[in-house]
Every structure is written in C-alpha cells, then in structure tokens.
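One chain, subunit A, appears in both complexes that follow, with subunit B as partner in the first and subunit C in the second.
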Partner chain A sequence: MSLVTGPGRASISASSLPTELQLSIAAHVKYIQTLDKRKDELEYHLTEHLRINGIYWGLCALHLLGHPEALDRDQVVDFVLSCQHENGGFGAAPGHDAHLLYTVSAVQVLALCDAMETLDERGKGDRSSLPGSTSSESGILGVGRYLAGLQNRRTGTFAGDEWGEEDTRFLYAGMLALSLLNKLHLVDVDLAVDHIISCANFDGGYGASPGAESHAMQVLVCLAALSVLGRLDAVSDKEKLGVWLSERQVDGGGLNGRPEKLEDVCYSWWVAASLSIIGKLHWIDEEKLTRYILECQDPEQGGIADRPGDMVDVFHTHFGIAGLSLLGYPDLVQVDAA
Partner chain B sequence: MASHGIPRSSTTEPKTEQARLKEQEQIQEYTALVDLIDAKIAERQYTREVLDLTSKLLKKNPENYTIWNVRRRLLIHGLFSKQSDSSLPLTESQSFSPGATTTTSSANLSSSATTSWASKETLPNRASPIPGKNGTTHDLIKGDLDFIFPLMIEYPKCYWIWNYRLWLLDQAIDRLEVDVARELWSRELALVGKMLNRDSRNFHGWAYRRGVISQLESSKLHGRSMVESEFGYTTKMVKAHLSNFSAWHYRSKLIPRLLTERAASDLERYQFLNNEFELITNAIYADAYPYAQSVWFYYQFLMSTIVDEVGHAIITPNLTDEDRIEYATKQLVNLRDMLDGAEDCKWIYNALLEYTLALSRMQNRQPLEVDKEECRSWLAELRKLDPLRSGRWDDVEKSLKWLDVDSRFAPESGGPIEL
Partner chain C sequence: MGRYEGNPVWDDVVPIPQEEGEGALAQIAYTDEYVEAMGYLRAVMAAKEHSPRVLDLTEHVISLNAAHYTVWLYRASTILALDIPIDKELEWMNEVALENQKNYQIWTHRQTLIDHIFPTLSSDPAAAQAFADAESAFMAEMFEEDAKNYHVWGHRQYIVRKFNLFDSDAELKSIEALLHEDVRNNSAWSHRFFLVFSNPAYTTAGSRATEHDPKIPDAMIDRELAFAQAAAHEAPQNQSAWEYIRGVLRKGGRELATLEGFAGEFVRIPEGGEEDIRSSHALDFLADAWSEKGELDKADMALRLLGEKYDRIRKNYWDWKRGLLRGAKV
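On to the complex of A and B.
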C-alpha cells in the first residue's frame, strides 16, 4: 500500500452523485485527528494492541485525503520508535511484545513520514554490519534481520513472532516491509513464491496456508506479495480468480470476502485491489461499490463503518478511502493496489 | 478499533456524569491490572497467582496479545517445571532473555532471545518433564484449555486465542506421555465440532479443525489417517447446509488423498465422480439452491477435473479423451435440463457457455456455428440477469467475436476463448 501512482482512474465524477453521497473529507480528517485524544474512553485502552496499526491506517488515509500534515510528524515518528525492541522488531505500543504485523506497520509509517533514516540514527536490533554493507544503514538492517528471522526456511512462509503462528498475511507483510527497507536479499524469495503457489485453490483463490479456504483478504496478500516480488506470472488462472473475485459483489454494491457471506467495507479494498492487480477491476460495478462505501460513512462525525449505520472505526475508514481511491474517486491521491 | 456489526448509536448525546465516572473506574481497573502483571513479571514471579491475574485480564480483553505471551512464559519458565504448587518465585535460567535489565516494563521479557520460528522446538526444562496424568503439567494444560473455552465461544474471531490454544496443545505433545497428550487432542475434535455447529462457516474453526486433524494423524501422537472420517464429516456438513462452501472446499482438498488411500481402481474412481456429480446436482435442484454460488463453485471444481487440459484430472486420471468428451457432453445435456423452471438462474447460462466452449476445445475444433449462436443467446441472458458484472460479459463477448474472426485458422487451445 505504498503511495505511488496506480492504475488509471475510473470514470466516476463527483457531480453524478447526490450531495448526501459525497465524501466528507473534512469530517474524516477531523475524525482521524481526534483518535488519539480519546484516552477517557475504555475502548481506547482495550485497543492498545492495534495502536501502531491505527496510526498507519489513519496516516495512510490522511495521505489519500491530501492532508498528510494533519498528524504531527515528529510525534508520530517518536511514538513508532518507542515501540521498538532490542531484537529490532516493534510491538503494538510501548510495553507490548514484538510481532511482525506491528513491525511492518512501523516500517510503513516511517516510509509515509519519509523518516526511514531515523532507524539508522535511533533504531535498535542487530546492527553489526555485513561485509559490503555500509554502517550508516545499520538500523534498517536491524529491522530487516528481525523480519528475515521469521521466515520458515523449510516452507518459505513467515511466522508472526517467536511463538510460531504462520499465515500468508505474514508472508506478504514481511516481504512488503523488506522491500521498503531494500533488504529482500535477506530472505528466500523463490521458496516464498512456491509457498504461495501451494496455497492456491480450485476456485482460483488463495488461503492462509496450504489446504485453507479461499478468502478475499488472503487472495490480496498473496497477489500483492507476488506483485512486490515481481512474480505475478505465478498466478496460474487469472480468469478463474477474476470470476471468483467478481462474484464477491452483492446486489447492494458492496463486496463480501467469501461465497454467501455478508458484505463489508474492508473487503472493498481486498477484492477491488486484487481485481486491479490482475487487470479486471471492470468485472464489478465500480459505481455501485463507490456508492456503497459512501453510504457507510458518517458524514457529520467522520469515519467509515463496515456497513451502513454501523459504528465507524479507523480500520474501515482507511480501507474505505483506499477503495474509493482505487476506484478513481475525485480529489483523492491515487493508491497502489500492492 | 476494527469493529464489525456494531450499530452506530443514533444520537450523539453526551454521556451522563454517572456513565462517565463508571467508565473512568473501568479504565483505572484495567490499566492497574496491566501494571500489576508487568511489575510481577519484572520481578520474575512466575506463580499461580500471576497466572490468575492474566486470566482476569484476558477475560476483560482477549485481544491483548502480549498478555497471552506472558502466560506462555509463566508456564514454560515457571509453572511447568514445578514439582508442587509452591508459591515461591522461581529463578530463571540465564539463557532466557539476555540483555534484560531491571526495568519494570514487560518489554524486556519479549522475544529478544529467540526470533526464529524454529525456537519453539528448543524448550527449556525439557530435561525434566512431568509425565503422566496426575502431574502438575497435565493439570495446568487441561485447566488452561478449560479456561479458554468460554472465551473462544464469546470471541470466535480472535486470532490470539486460537493460536494460544494450539500452542498449549503442542506443549502437551512435548511434555506429556503420548496417550495422555492424545486424549487432550482428541477432545479438541469434539470442541471444534461444537464451534462449527454454532457457526458452520467460521474461518478459524475450519483452520483449527485441519490443524487438530493433522496432529491427530501424526506419528508424534501415534496417529493414523483420518481422511475417511473427515470426508464423512464434510458429507454431513454439506447435507445440513448445502451452501456451506467451507465444507465443499474441504471436501475438494480431501478427495485426492481419499482415493489414493482407498487404492481406488479406475472404475471406482469413475463411480466416485458420478456420485459427486449426483450429490451436487441434487443440491442444485433443492429449494433455492440453483441460485447459491457455493454449489456452483463445487460443480465447477468437478467439471475442471474433466475439461481442464492438464494437472486437474485428480479424480479420474486415466479417462481417455473420448471418455472425457462424452462426460462433458452428458453434463451439457443435464445443464439444459436444469434450465427448465430456473430460466432466471445465471449460473446455468454461465456453465452452458463455459463448457460448450470447453467441449469444442477438447474436441480440438472451433465452436460450431450453432454453438456460437447459443453462446450469444446465453450471454444475452447473463447480461440481463447479472448487470453488476457487465464488464465481465463485455470481455466474454470480445472473446466470442475473436472466435468469429479467427475461425478460419487452425484451432488453438487456451487463449482468449477461455472464460
């Protein structure tokens, strides 16, 4: 989800939508800004395990909304660095254990803030330089080594942490962060590609591990990993996969994650980005999906929910806005599907 | 923070003073508990008391993954190695957590020592396991499994709980006698069965089931193949809910192994394929199921074993080309029959179109004029019935036009005519 120019814009003009269905940009910016000012709510404390992801989702959404300055950059960078452990990995917040998912969010936030060099200045981890590498990038190497240490060298997939849970989500997240750190040479790329191939199912989709049912989020992480690794040729049947993905759209315009499940805004991103990667975004009704996402926003207080009328949160706000950006909604910065 | 299905409160009335105070109290209580656990762990108090504190916290918030990790460390570095339930704090081996300082944060207990996925295989205290059914270790594991169960029922989508449970059961394999460990693992099959009865599509539940089965089949637990009973389980599940795609999916994954283990002959494989087609065709004819995509994806899976060129013939690998052509032809007749009374079912038109083109490909020829005529009429129905996916139908139409243009040339397999 790096912010580079993506595929061409779809033909949705804001003027074709009724005024109550315009994206409430100002409200969303305000909503994200106030997320960290809710310490008097129990929910704030119960969601500490998502703090660093929350910052990434919020910041990424702000970039797409064209307001990257709405969060204080130095404060964000300081917070991210305060989550790092001696082993180079990051926890969800200070006091939380290191885990791959939070480490990846940390790397993504630092990339968005254009602050990767702070790792070399203030980062932790195994910074001993390898022959041929420059000592000035040692902090980046420390994070790269932590991530690379989580690859299963027998199967190619990744664990989330030392306790060993494995999932194609971790494989993608690890590879994405390693590529942002420019440290892909620390892992076995071919083995990882083979592992993704072994997670493919008869319906063209991918699961979390070999044998697991296809799921839109797992499809996206597998496609995005292959895209990051430059190996989209490994997708065996793009037609079949495109059919399965396009059947995620339900009559109301929203997308679900598996056959005969409820639609949800977060799947707008996972399904639409997957279709975009295989060049078949036009296989769904993009205008109806745009309307569905907009129906899920809270136009006054800001934020986007999973379904119309539900409670908003920063996770769905991020995926909703990323989905709209992918669909070419006007005034948004273009997102890259991978 | 990632909330699903929670209604937005219709009004944004400010909270009453009473509600505000109550919330402050809850926050106080929660953060004080986190701090207390942190402090005790910093003092290396790997005791039953601290274990109970983590239970209390996890009941309030099972998403706090760090506390699950604290619990793991309490067990492996403390409680598992105790002979009796003494309340003395345990001293920790030097190899654990190098570089740990005396800070009061739990951060220094984190994964600095080992980040490799393989680290779980080098457990400390391996030298003095307490085997048998009455040992402390067994009681701890069993007690912990019982503690988690209500949490799993309440939070069936929380990844950390499922992972912790699997980790705990792996500890049983490493630390207990085989038959004792096997008994614990066997209970899980009944448990996950209950979970899937409550929600027959739960993603975590199905993944957990596959994990449990693979351990129960492994030599570590003196297991043997359970593919027959698992296949029977999918039959039961799809018969209960014909649109249970999770069960159809699992079935597709079991079939190759099932047939291999049965050492099925070509004839038996052919009959097996017939039975599967009969099952899915009956499902399609039942109630509203012609409109359920789950059954059609399974139908597609069965057809792919017949019409796909290479690598997919997992059920009947030795069918001749003529046999396969005959089979596909027969299915096209069945599909036409299905249209009777279900003229508004897009899935049937979609299948007719796809397999008519596949048949011509199998016969190494271009589609006949009459085929193309029919394909166009089916495509028109698809456009009418399924306007959401009109972009997909545009691409199908392009591939049909491409057929027209290219029909003078020698046929090719694959290429743009695939749907």
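On to the complex of A and C.
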C-alpha cells in the first residue's frame, strides 16, 4: 500500500457546500484500490518504512466502507508474511528491521483477513526452539513471544524495538496484538496498567510517558489498552478526562490534539474514540464533527485529508472513515474504538 | 551474495521512469541516488560491517530520508561498535533535527548515545553541567522553530531526569521565557508542572500528578499559584493557566473556594442585569467552587450560562453537570 499523498485535495469550498454533505463511498474505495499502483512515484519509495501500516489503514478503511474484497486478500497476506523476521517480529516492508508497531499492523491485517493461521502454516518465526509449545500453534506463539519480549519487566511499558524507545503507544499496540493472538498471558498485565496510571496528568489527560504532556493520541492508546485489558476502572477521574477531551473541539467542528493546536481529522478520531470508550461522545457536537470530516474529503477522486484544502492520504482516509463510523454515519460498518 | 541482493521481494523497487516536463530530471536523479544508496546500505548491513565508511553511507541515506528507522539503528550500532567520541555526532544531529522537525528517530538515537557516554560524563560534574547546558541551548533553538514539538519536550524531560536539573534555576527560567513569549504554550505549562511537582528534593517519591502531595511546602504552592494567576490575568481565556491552577490546588490539597475571589475578578453577574464574563474558564471554576461550598443555585446558574451562551459547543456536558447538581440537591 502506497503512502503517497494526493492526487486529490479536500476540495469543497465553503461557498459550494451542499446542504446535505455525503460520504463518497465509491470514490474512496477506488482511491484505496489504486494506491498500490503508484510505484512510479518517488514518495512511494520514501514511505516504504510505513508500508505495512499503510496496508492496515487502507484495508481497515475498506472494511468499514463495506468493501473488504477491493484488495486481493492472498496478495495482502503474502506481502505481510514477507515482512516477517526469524525472531517472530515484522518490519515495515521486506528488509526493514522488526519493530513492534509493524508487528502489530501485521497482526491486525492478518486478523482483518481472517488469516491468523497462516502464521503457523507459513510464518518465519523460529518454531523449533520454542519448548513447551505444540507445533500447530507455534508460529503464532513466536510472534507473541517477540512482542512479550519487548515489555519492560520493571516498569510494565513496552519498547518499540531492541533499542528500547518507550512510549504508551507501544504498550497499547503490544497489548492489542497479544490479545488478537490470544497470548496476553505472556506479559505482566498489572504492571502495564500501573504504568498507564502513572502517565495520567494533572489536566486529566495522558502523555507518552510519566510527566509527558497530555496528547489526544496518547490518551486514546492508554484508554484503548485499558479497554483491551478490561481495566477501564483504572481511569480515576473520567469526568476530568472527558472535559479535557471535549475541550479539543474547535468552533469549526474538528478536534485538535492539544490546546491551541490546529484541528485535524486524525486527532478527531483519537479524541472521539477516547470519548466513546468512556461513554462521553455526546459531550461534543457530533453533527459539527461529522460535517468537518466530510469537508475534508475529495468527493471526486476519493481520499480524506487532515483538514479542508489539503492533500488527501491513506492515513487520514482511514481515520476519517473510522471517525464517521464511530459517529454512526449511515452505510458504514461499526468501528471498535479500542 | 548479500542478504537483500537477489531477494525477489525487492523486485517492486522501481525507479521513476523518464517523464516530460520541468523538474522531472532532478527527481529521477534523486531517486537513483536514493535507490543506489539503499542498495549499499543493505549490503553493509548484511555483511555486518561497522566502519567509518558506514557512517558516511548512513549519513547520506538519512539526508535523503530521515524517517527510515532501520538506518538510524544501524548507525547507532556502528558508533557504539567503533566506540568513537560523540561530539561530532551530536553536532551533526542538531543540524538534522533542525531540518526534520517531525522526525522522532533522531531523538532515540540521541538518547542511545547519551546513555552510552553518561557513566563517563557523570564522573566529571563540570563536564556534565556543560553537556546539559549545550543540550538546553540546542533545544532552545528547536523551540524557535516549533515551541510545542512533542519529541523535543520528551527529550527535555529525559535530560532533566538524567542530569537532575529539577533544582536548576536556568531550567525554570527558560520555561518562563517560553511562556513569556507565548503564555498559551501548553507544552511549557506541562513541563513546568513536571519540573516543580516531581522534584525529588521536596516531593513524595511516586506521588501521582493527579493527587495531593502533603510534602510540598506551602510556599511552593503559593509561588506556583501566583505565577499562574498572573498568566490568567494576562490572557483570561487561556485554558492552560486555569488547568494549571486547578492542578496546583490539588497538589496542595486546597479547595477551589480558596481562589473564589480571584476567579470572581473575571466574572460579574449583577442581580437582574447583564452579566460580564471575561473568561469561561473562570465561570467554570466558580461553578465548581460554589458547588464545593454547597451554593448549588449559584453553581447551576453558572453552568447554565456556560451551556447556553459561553461554551455552547459542549452544551451536553454542561447539562450533564447540572444534572449532577440536581442529584446532589435532593
């Protein structure tokens, strides 16, 4: 999947705004389908380090649009498996180092394709050296062990790779993938929950690490991790958090990620999904947000941008559609906020 | 044969074909350069070569595509393997960071190298101080480009912890300078809270940002409140300052009502007349202070004003809060 931006631009000007804005479903499906046919563009190569994420974003958006068949399932699965390393982890593309974030995307794509068993059948993870596992489930176990090995057993959080950069994003990603693999027992869940609690800030939000500024994406990963782990009780003050989140909505209807920052479709998803997890989505003006996201689409060539007038890309296309699904937009498959 | 050479999964790397028109040639040259450099990078990585020429090669690849995480990891491992002094690397990294504001790999790289030299560095306090000063100076330069860069603030906390700068006057002063420039810089407020309320010299170890810490001296709470109150006067609608005030009060275990007079300076609601609200955050603050004191009718009036007039986009929230008040009344 190409991460190339364009060719479209979110192109509805305020003057031509129709009273009834519609999501251009067919255009978006076509836009995602053609992304991978743009290998002649420089940006295709420069974004190779995100390739597997791009596949996840594109495929997930297609599922929400009700067109999962628009990408060839076997090709997708083959590509994902070609990114795997002997240690069980996945890189962003063949030849890129294994990293937690790409491993999670790989697992998510396989889950979307209902192809998790291919890890056992054809995965590269070294299965022979795993004592105590039956050979039939060992490919999956290999991925689970790679992920579990990235947990810091002192603090509970996760590193992104063997170099140890830590971020609550990684904790969530690791937990999500382990739960999809049904291997949560390999990690210390209580320690991870404690770590998330220690990332809560005085303003009600969460940051990337203890003491780091509250940030909408970090809030979502903390909440989603707690949700996956069934530990939302660890959010001590849901009202304060809901207040901080709802304060992210600006007059135009979109949401920003931090005070005094610009609104953006991806932040709109992170904030709205967080509000939905704590049951407070109705604290923002949902109609205005729906309208904002629709203003960010290119209705002719497909794709969604970060804000009106900007170039579209698959990242914001995915988050825009996920946001609309969360808001109950008709004809979309219901998204899971966590 | 290298690990990547001849690997069929790399068949999809195709250079941009010749195109008509301006700029096409430059693009083609650039792509060829990148594709070629990557070919060599893959080859040296496969051979596990750690040599000075690998530093040149990785520098080249990073100059073409700083977001490529694998090349950073390989560069760090090469520097560690060669065990060379990192001064020049830091200088070079400063340039790359200034040119790539959104790049995060460079900060991991920087911390990997600082961790590596720290044991030696910390045995010489003067050298450690000089190093920390240089890091601060560089971050100040980064903040000139974007004073809210999340990665830079993350690095700042790393440096504060690593070099124990909690009591550093310069650190506090530099945050004040940033807030002087933009009193709405939420990142700077957040860092100030971290600096003041996790200082091991006078806080309870492990005290959460969201809880009362009885160990903190009253004078410190007073100082922080005065600072944030002055900022609220400067920009009454600045959410960051009001959040900070609430955060400090909670750290100090003080009630909101202790600042009722201060918040009241922003809100005038005469009997029967038109109200004058200079800050919706002040009105919100008063609503909580009043409900804390049991003055529920006043609190309800404030919440109604917020939902109907001063913060209409969140009307549902204000209505929900009014519902809580009604629940408290019966």
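The rule is simple: the second predicted complex is superposed on the first by the 310 of 338 C-alpha atoms of A that agree within 3 Å, B and C clash if a C-alpha of one lies under 4 Å from a C-alpha of the other, contacts with A are read in each partner's own complex, and residues count from 1 in each chain.
Heads up, the rule we're going with is that contacts are C-beta pairs under 8 Å (C-beta built on N, C-alpha and C of every residue); 3 or more make two chains touch, one makes a residue touch a chain.
All values reported here derive from a predicted model rather than from experimental measurement.
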Joint occupancy of subunit A by subunit B and subunit C, clash or fit: clash
Between subunit B and subunit C, more extensive residue contact with subunit A: B
Contacts of A:Ser198 with subunit B and subunit C, given as first, second, both or neither: second
Which superposed partner A:Ser82 touches (first subunit B, second subunit C, both, neither): second
Which of subunit B and subunit C A:Gly54 touches, first, second, both or neither: first
Which superposed partner A:Leu64 touches (first subunit B, second subunit C, both, neither): neither
Touching partner for A:Gly149 - first (subunit B), second (subunit C), both, neither: first
Footprint overlap on subunit A, comparing subunit B with subunit C: 40-42, 45-49, 91-92, 94-97, 99, 161, 163-165, 201-203, 208-209, 211-215, 242-244, 246-247, 249, 251, 258-261, 280, 282-285, 288
Interface residues, subunit A side, partner subunit C - complex: 39-42, 45-49, 82, 91-92, 94-97, 99, 161, 163-165, 197-198, 200-204, 207-209, 211-215, 236-237, 242-244, 246-247, 249, 251, 258-261, 280, 282-285, 288
Residue ranges of subunit A in contact with subunit B within the complex: 40-43, 45-50, 53-54, 85-87, 89, 91-92, 94-99, 146, 149-152, 159, 161-166, 201-203, 208-209, 211-215, 239, 242-244, 246-247, 249, 251, 253, 258-261, 264, 266, 280, 282-285, 288, 298, 301, 305-307, 309-316
Footprint of subunit A on subunit C - complex, ascending: 3-4, 7, 9-10, 12-14, 16-17, 27, 30-31, 34-35, 42, 65, 67-70, 73, 76, 108, 111-112, 148, 150, 153-154, 157, 184-187, 190-191, 193-194, 197-198, 208-210, 239-240, 243-244, 246-247, 250-251, 313-314, 316-317, 320
Subunit B residues touching subunit A - in the complex, by the definition given at the top: 1-9, 12, 20, 23-24, 26-27, 30-31, 34, 38, 60-61, 63-66, 69, 72, 99, 105-107, 110-112, 114-117, 119-120, 159, 163, 166-167, 201, 203, 206-207, 210, 243, 245-246, 249-250, 252-253, 292-294, 297, 300-301, 304, 312, 387-392, 394-395, 418-419
